[in-house]
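Take this structure, written in C-alpha cells, and hold onto it; I'll ask about it next.
First chain written, first letter: the chains are A, B, C, D, E, F, G and H, and each begins at residue 1.
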Amino acid sequence: MSQSNQALWHIGGKTVNSRLLIGSALYPSPETMQQSIAASGAEIVTVSLRRQAAGDQAGQKFWEMIRSLNIHVLPNTAGCHTAKEAITTAQMAREVFETNWIKLEVIGDEYNLQPDPFELVKATEALVNDGFEVFPYTTDDLVLAKRLVEAGCRILMPWGSPIGSGKGLMNPYNLRAIRERFPELQLIVDAGIGKPSDAVQAMELGYDGVLLNSAVALAQDPVKMGMAFKSAVEAGLLGHQAGAMQQRDLASPSTPVVGMPFWHQVKD
Amino acid sequence: MSQSNQALWHIGGKTVNSRLLIGSALYPSPETMQQSIAASGAEIVTVSLRRQAAGDQAGQKFWEMIRSLNIHVLPNTAGCHTAKEAITTAQMAREVFETNWIKLEVIGDEYNLQPDPFELVKATEALVNDGFEVFPYTTDDLVLAKRLVEAGCRILMPWGSPIGSGKGLMNPYNLRAIRERFPELQLIVDAGIGKPSDAVQAMELGYDGVLLNSAVALAQDPVKMGMAFKSAVEAGLLGHQAGAMQQRDLASPSTPVVGMPFWHQVKD
Amino acid sequence: MSQSNQALWHIGGKTVNSRLLIGSALYPSPETMQQSIAASGAEIVTVSLRRQAAGDQAGQKFWEMIRSLNIHVLPNTAGCHTAKEAITTAQMAREVFETNWIKLEVIGDEYNLQPDPFELVKATEALVNDGFEVFPYTTDDLVLAKRLVEAGCRILMPWGSPIGSGKGLMNPYNLRAIRERFPELQLIVDAGIGKPSDAVQAMELGYDGVLLNSAVALAQDPVKMGMAFKSAVEAGLLGHQAGAMQQRDLASPSTPVVGMPFWHQVKD
Amino acid sequence: MSQSNQALWHIGGKTVNSRLLIGSALYPSPETMQQSIAASGAEIVTVSLRRQAAGDQAGQKFWEMIRSLNIHVLPNTAGCHTAKEAITTAQMAREVFETNWIKLEVIGDEYNLQPDPFELVKATEALVNDGFEVFPYTTDDLVLAKRLVEAGCRILMPWGSPIGSGKGLMNPYNLRAIRERFPELQLIVDAGIGKPSDAVQAMELGYDGVLLNSAVALAQDPVKMGMAFKSAVEAGLLGHQAGAMQQRDLASPSTPVVGMPFWHQVKD
Amino acid sequence: MTQSETLIAVSINGEVRQFPASISIAQLLEALAYRQTRFAVALNETFVPRSQYDHQTVADGDRIDIVAPMQGG
Amino acid sequence: MTQSETLIAVSINGEVRQFPASISIAQLLEALAYRQTRFAVALNETFVPRSQYDHQTVADGDRIDIVAPMQGG
Amino acid sequence: MTQSETLIAVSINGEVRQFPASISIAQLLEALAYRQTRFAVALNETFVPRSQYDHQTVADGDRIDIVAPMQGG
Amino acid sequence: MTQSETLIAVSINGEVRQFPASISIAQLLEALAYRQTRFAVALNETFVPRSQYDHQTVADGDRIDIVAPMQGG
C-alpha cells in the first residue's frame, strides 16, 4: 500500500502510476500501436498535428484509437524550427486535444534533430505566459536548463542522444549535473533510448521518467518490447530508491571467509 | 498463456519462472535476507558450508530460514583454491543439501577473486564424472568456456566483473562471443552486477540468467532492491526476445514529416 | 619537406608548427611554467588580466617571462559571466597584449564552468564586429556552433569536459558532428583534457588543435608532461592524416595463413 | 642526457630506444613495409616461418629486406594450435633467425584468435627450459599471467583485443591488475591496437611497450601511420612517467579567480 | 456570389485555391466542406481560435493551415 | 576406554584434540556431542559419506573438518 | 588641491578612495602612482583606451578597474 | 640408386614424393635441390637441427616440413 503510493507520480498537475511516456508513431500498424502502448503501461502518449484535407478521416480515426486507450495525451510540436511555428502549433494543439500540456520541440538541426536553445527559450517564455504546461525537449546543457526553469518550466526533458538514434545516454555526466542542480524538478529523458537498459540507466540517475517511441515501435516485436520497458522503468525507479551499492576496485567475497574448511595456515 | 510458458526456464534439470539467482550472504539481518530474496522473485538461492562447532545451532537455523523460502538451493564452493578442496566441498554439500547442483568456485587470486582456469577445469571434470550438475563460476575466456563444455558442463557462469565490485559488465565483447558460440548452453552472468541496469544488459546480450548477491544485500534498502532486480531481469529477458531496434548514427524523426504545417519551401 | 609544410597550421591569421595551445596558470613555479611551455612545443599561450595595485610588479614580471618564450599570446576572458564583462575584458586585453586574438569565455555556471550559450553569442557578435579574432570557448552543441559561425567565427573551441576536470572527451559523438558540419573551420578541443591519450583522441576525430592547462601544470612532473603532450598532438595529427584502419568484430590474422607448417587437413 | 637514458628499454637481454614492436605483414608492398617500419622507429620486428618450395627465393628476399632494417627480429609461432606445434616452430625459428627470442602464440579459437591458456603454459614451460626468451601472447587473465611467470617468463604480452580487430583496450581493468601485480615484469600490449590513442592508453596504464601490425600496415598511409605510432608510444611513456593529474567531478578554474575585475559582491 | 465579385488566391495547406473576397474562415471551411470536428486553423502561421472563425476574414495571398491529430513521438 | 589406551592427536576444524586410538568417525562425533542433523565430514580433505562413519577410523595426525550450512553468494 | 575642493568617492579595484572632483583618468593614475607600462583601465565596466586617459574624467561613485597581465588557462 | 632399391613415400610440405629408402635429410634436401641458406626442417613435427641432417634418415610415411622466413605480425 505505501509501496503503491510511493510509485505515484505527480507530473504537470496530473497523477499517474507509470514513469513511461510513449510515442504513437512508427508502429507497423494501428493495432500494434494500441497493443504496444497498452502493454507498456504508459499513461501518457505523445501525438502531433499534421495538415489534413477536407473529408480525410485519418485524423479522426487516429484520435479515436488514442481516446480508447484512456490515457493522457501530450501533443508535440515536432518539426517546428522557429519559436513562432512552435507557439502556433501549441495553440492549435490545445484546442484540438483540449489540454494545456505541450511537448515543446523546436528543432535546430536536421542532422541530429537537436533542439535550438535560442528558439526553445523564446517559445517557452511565450507558452508559459500563455498558460501552457511546457514539457521542453532540450539538450543536456545545464545553462539552458537554468534558462528554461527561469522561464517557468517545472518539467525538463533532456535528450539522451539524437531522436531515433537508439544510442542511449551519450553524456551521463551532464544528465547527472542537471539532476543534482534541480532536485525538485520533474526530469524526463527524452530521445535516444534504444534498449530497456538505457531506460533503467536514466532512472538510476534519478530521473523521474523516460519518453520514447522508436525503441518500442521499431522493435521486432513492439508489444513485447512495450512490456520490457514497463519492467525497465519499474526496475530503474526501484533501483534508484533502493540506493545502489558503491562500486569498488577490489573484489570482495560475498560468502563469509571465516570458518572456511581445510584452512590450516595463511595462504599467500 | 504462451507468454508465461515462454518465460519458463529449464535449468539444470529443474524448471523455474525467474531468471534471477540470488545469494544469501551479507544482508543486514536474517529477516532482511528472507524478505529480500522473496521480493526478488528468485527461485534459486546460493548457500555455502562452513566449519561448525558441536552444539552451535547457527547452521541449523540458517538452514531452516532457507527452507522456509521453499526455493531451490545451489551450494557453492566459495573460498576453495584447489580442485581437491572444491571437489571435497562439493561432495559434502551434496550430502548436506541433498542436491547434485554445485556452484563451482575455485579462486585463483585474492585480489580479483577470479577463477583459476586450470584448477576449475580439473574440478569440473571430476565433478561431472561424479554425477554433479556443475554451475561453474568462470571468466569470460572463450577457450576456457570450450574446455568446460568439453568437460560436460551444460551451464556456464562467466563473471561480469570481480565478485563484490559492482562494476557491471567489464567486457561485453567477450561475453557476447561466448553467447554466440554456445547458443544452446544455459549462460548466467555471475559476479560484478551492481545496479539493475547491469542485469538488464546481461539479459540483452542474450544471457539466460543473472546471479548476484552484494547488489541486493548491500543496497541501502535490500528488499526494495530485490524488487528492482526482479523487474530488471524481466525487462532484460523481454527486451532480448522482442529484438531491439538498430542503433543509428543519424537522428531520425519519429513524428511524421509529411503534412507538417507552415511548410512552404525546402529548408536547408 | 612536404612533410613539414603539411604540418604548418594557419590559425587566426598566423602560422605555427604546433597544434598545442597551452595555459600559463597553476604551475608550481614560474620557472616550471617556462620550462613546461617550452617543452610542450606550444606556440600559443593563454594569459589573463587581473586587478593590480600600483607598484605591484607581478604583472610586469609575468609578462616578461611570457615574452621571453617568444610565442603568440592568446588572452582570455576567464571568469566573466556576462557579455558586457567579456567585451570590456577583451578590449583591455587587446590594448595590453597588443593582439586582436581573444579566447572568449563567458561562464554560465559555477559548478561545471561551462559557457553560457546566450551571452557567448552576444559577446561574439560584438567582438567580431569590433575586429577581434574570436576563439570562443563553447560547448559541444551543434546549434550553438552554427550561431557562432554565423556571428563570424572562423575558429571554435568546444569543451571536451569541464575545465580542470581531466575527464577527457565526454561526448565524442557531438564533437564529431561539429567536425563533420564544419570541415573548413579551425576546431580546437578546449578544457577537460587530462592525459595525453585524450589529446590524441581529439586529433583523431579530426580536430585541428588542443588547448589545455591543468593537464600539464598539475602533473607530477609538468616539464615531462609538456613533452608528452608535444608528442601526443603529433601522434594524433599524423594518425588522423594517415587514415586509421577500420574496427572489425572478428579477429583477423596478421601473419599469413598460407604455408603454415604441420597443416594436413582442415581444422574445425 | 639523463632523459635519453631514462628512455632506454632493457627487454629480453637487449637494449632499445623505442617502446614499439612492429609486425612485417599485410603491407601493400615490401617497400612500404620497409619505409613504415623505419618511420615507426621500432627496433624490434616480428617475423614468421612458412613452408617454402625448393628454388623459391621469396623467403630469402624477405629476409634480406628485414636485415637491411638492422633491427632486432622477434620470430613468432603464429597459427600454431598446440604446444607441440609451437615448440617445434620456435626451435626452427631459433635456427633460422639465430635468436633465442620467440613470440609465443598458441591459438585457441579461430573466431577471436585468442591464446589457449592451457597449451600456452605447456609450451612456455618447455621453451623456457630449452633456453628461449619467451614473449608470450596471452590474454588479460591475471591467473594465467601468474602461471606464465611461474614458468619463467620475464615478459608478458596480454592482448588489448582480438588480433586485427582494431578495438583497442577492451578491458583496462584487467590490464591494470596485471601491471599492479607484476611491477618488475616487462609488459607489452599485443594485438587489438587500432589507433595511436590506443597505444598511448596502453603506455599510460604503465605498460612498457606496444606490439602492433595491422594498425600501421592497413592504414591508408602506412608510412605516416608508422610515424604516428612513433610519437604515440613516446607520448604514452612520457605521460606515464610524468604522472597525470587526478580526474575530478567538479570543474576547477585554471585562470586565477582572485583579482577578477568587475567583481563587487558575491555571485550566487 | 455574383459574377462581378473579386476573387482572392489563398493557400490552403500549401495548395493555392480561389475564393471570393472578404470570405470568413467559417465560410471558407464550409466551402471546403471540412466537416471533421477535430481540427485547428492557423492564418499566416498565427493560430485562429474556433471562436473567431465567423469574424476572421481572409485576404488575397493569405496562407491557411488546417491540421488534425496524427501520430507523434 | 581404559587408562592403558594410547591417545591420538586429531585436528577438529583446525583445533587439535586427543582421542583414543582406533576411534571411528561415528564415535568421534559422539564424543564431540555433534547432534545436529545437517553437517558433513571430511577426513584429511577427503569427503567421508555419512554411511562410512561407523567404518572409517581416525589416525594420529589426521585432520577432520565438520561443516554445516552457512550464508553464501 | 585646496581645502575648498570637493572630493569624490571612486572605487579603485573594489576599494573606495577619495579624489578631487573632475579628476581625469590620467591624473588619477598619477595620483595612485601607477608607473607600470602594461595595464589597462575600465570605467564602470567600460573600457577606456589609453588615448582617452587625459580626456576622460571620473565622477563620484564611479568604479575603476586597473588590470595587468596574469597567468591564465 | 639402382632399380632394385625400395622407394618410400614422404610428405614434403604436405605433398607426397617418392624417395629411396634410408635416405638422409641431407640427401633428401640435395635431391629436392634446396639451395637456400635460410630454412629449417621438421620431421614428423619434430625439429631436426641442421647438424643432424647427415645422420637423420627418413622412413616411409614420414612428414617433412621445410620452412623459410616470411612476414609475420
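Note that contacts are C-beta pairs under 8 Å (C-beta built on N, C-alpha and C of every residue); 3 or more make two chains touch, one makes a residue touch a chain.
Keep in mind that this is a model prediction, so the values were computed, not measured.
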(message) Moving step by step between touching chains, how few steps can get you from subunit A to subunit H?
(response) 2
(message) Strictly by the touch rule at the top, which chains does subunit C share as contacts with subunit D?
(response) G, H
(request) Write down the chain pair with more C-beta contact pairs when C-H is set against B-F. (result) B-F
(request) Please report how many Å separate the Cα centroid of subunit F from that of subunit H, as a whole number. (result) 65
(request) Please compute the C-alpha centroid of subunit A, do the same for subunit E, then give the distance between them in whole Å. (result) 36
(message) So the centre of each chain is just the mean of its C-alpha atoms; given that, what is the distance between subunit A and subunit D in Å?
(response) 45
(request) Please list all residues of subunit B that touch 2 or more other chains. (result) 23, 25-26, 46, 48-52, 76, 78, 85, 88-89, 92, 111-112, 114, 163-164, 167, 213-214, 253-256, 259, 261-262
(message) Can you list every residue of subunit H that touches 2 or more other chains, as numbers and ranges?
(response) 13-14, 42, 45, 65, 67, 70-73
(request) Return all touching chain pairs. (result) A-B, A-C, A-E, A-F, B-D, B-E, B-F, C-D, C-G, C-H, D-G, D-H
(request) Please give the residue numbers of subunit F that touch subunit B in the complex, ascending. (result) 13-14, 32-42, 45-47, 49-50, 65-73
(message) Residue numbers of subunit C touching subunit D in their complex, please.
(response) 23, 25-26, 46, 48-52, 76, 78-81, 85, 88-89, 92, 110-114, 162-167, 194-197, 200-201, 204, 213-215, 217-222, 224-225, 227-232, 234-239, 241-262, 267
(message) Per the contact definition, I'd like the list of subunit D residues that touch subunit B in the complex.
(response) 108-109, 111-112, 114-118, 121, 139, 141-144, 146-147, 161, 167, 170-171, 173-174, 177, 181
(request) Provide the residue numbers of subunit B that touch subunit F in the complex, in ascending order. (result) 23-27, 33, 46-60, 62-63, 66, 75-76, 78, 84-85, 87-89, 91-93, 95-97, 163-164, 213-214
(request) Flag every residue of subunit H that touches subunit C in the complex, lowest number first. (result) 13-14, 42, 45, 63, 65, 67, 70-73
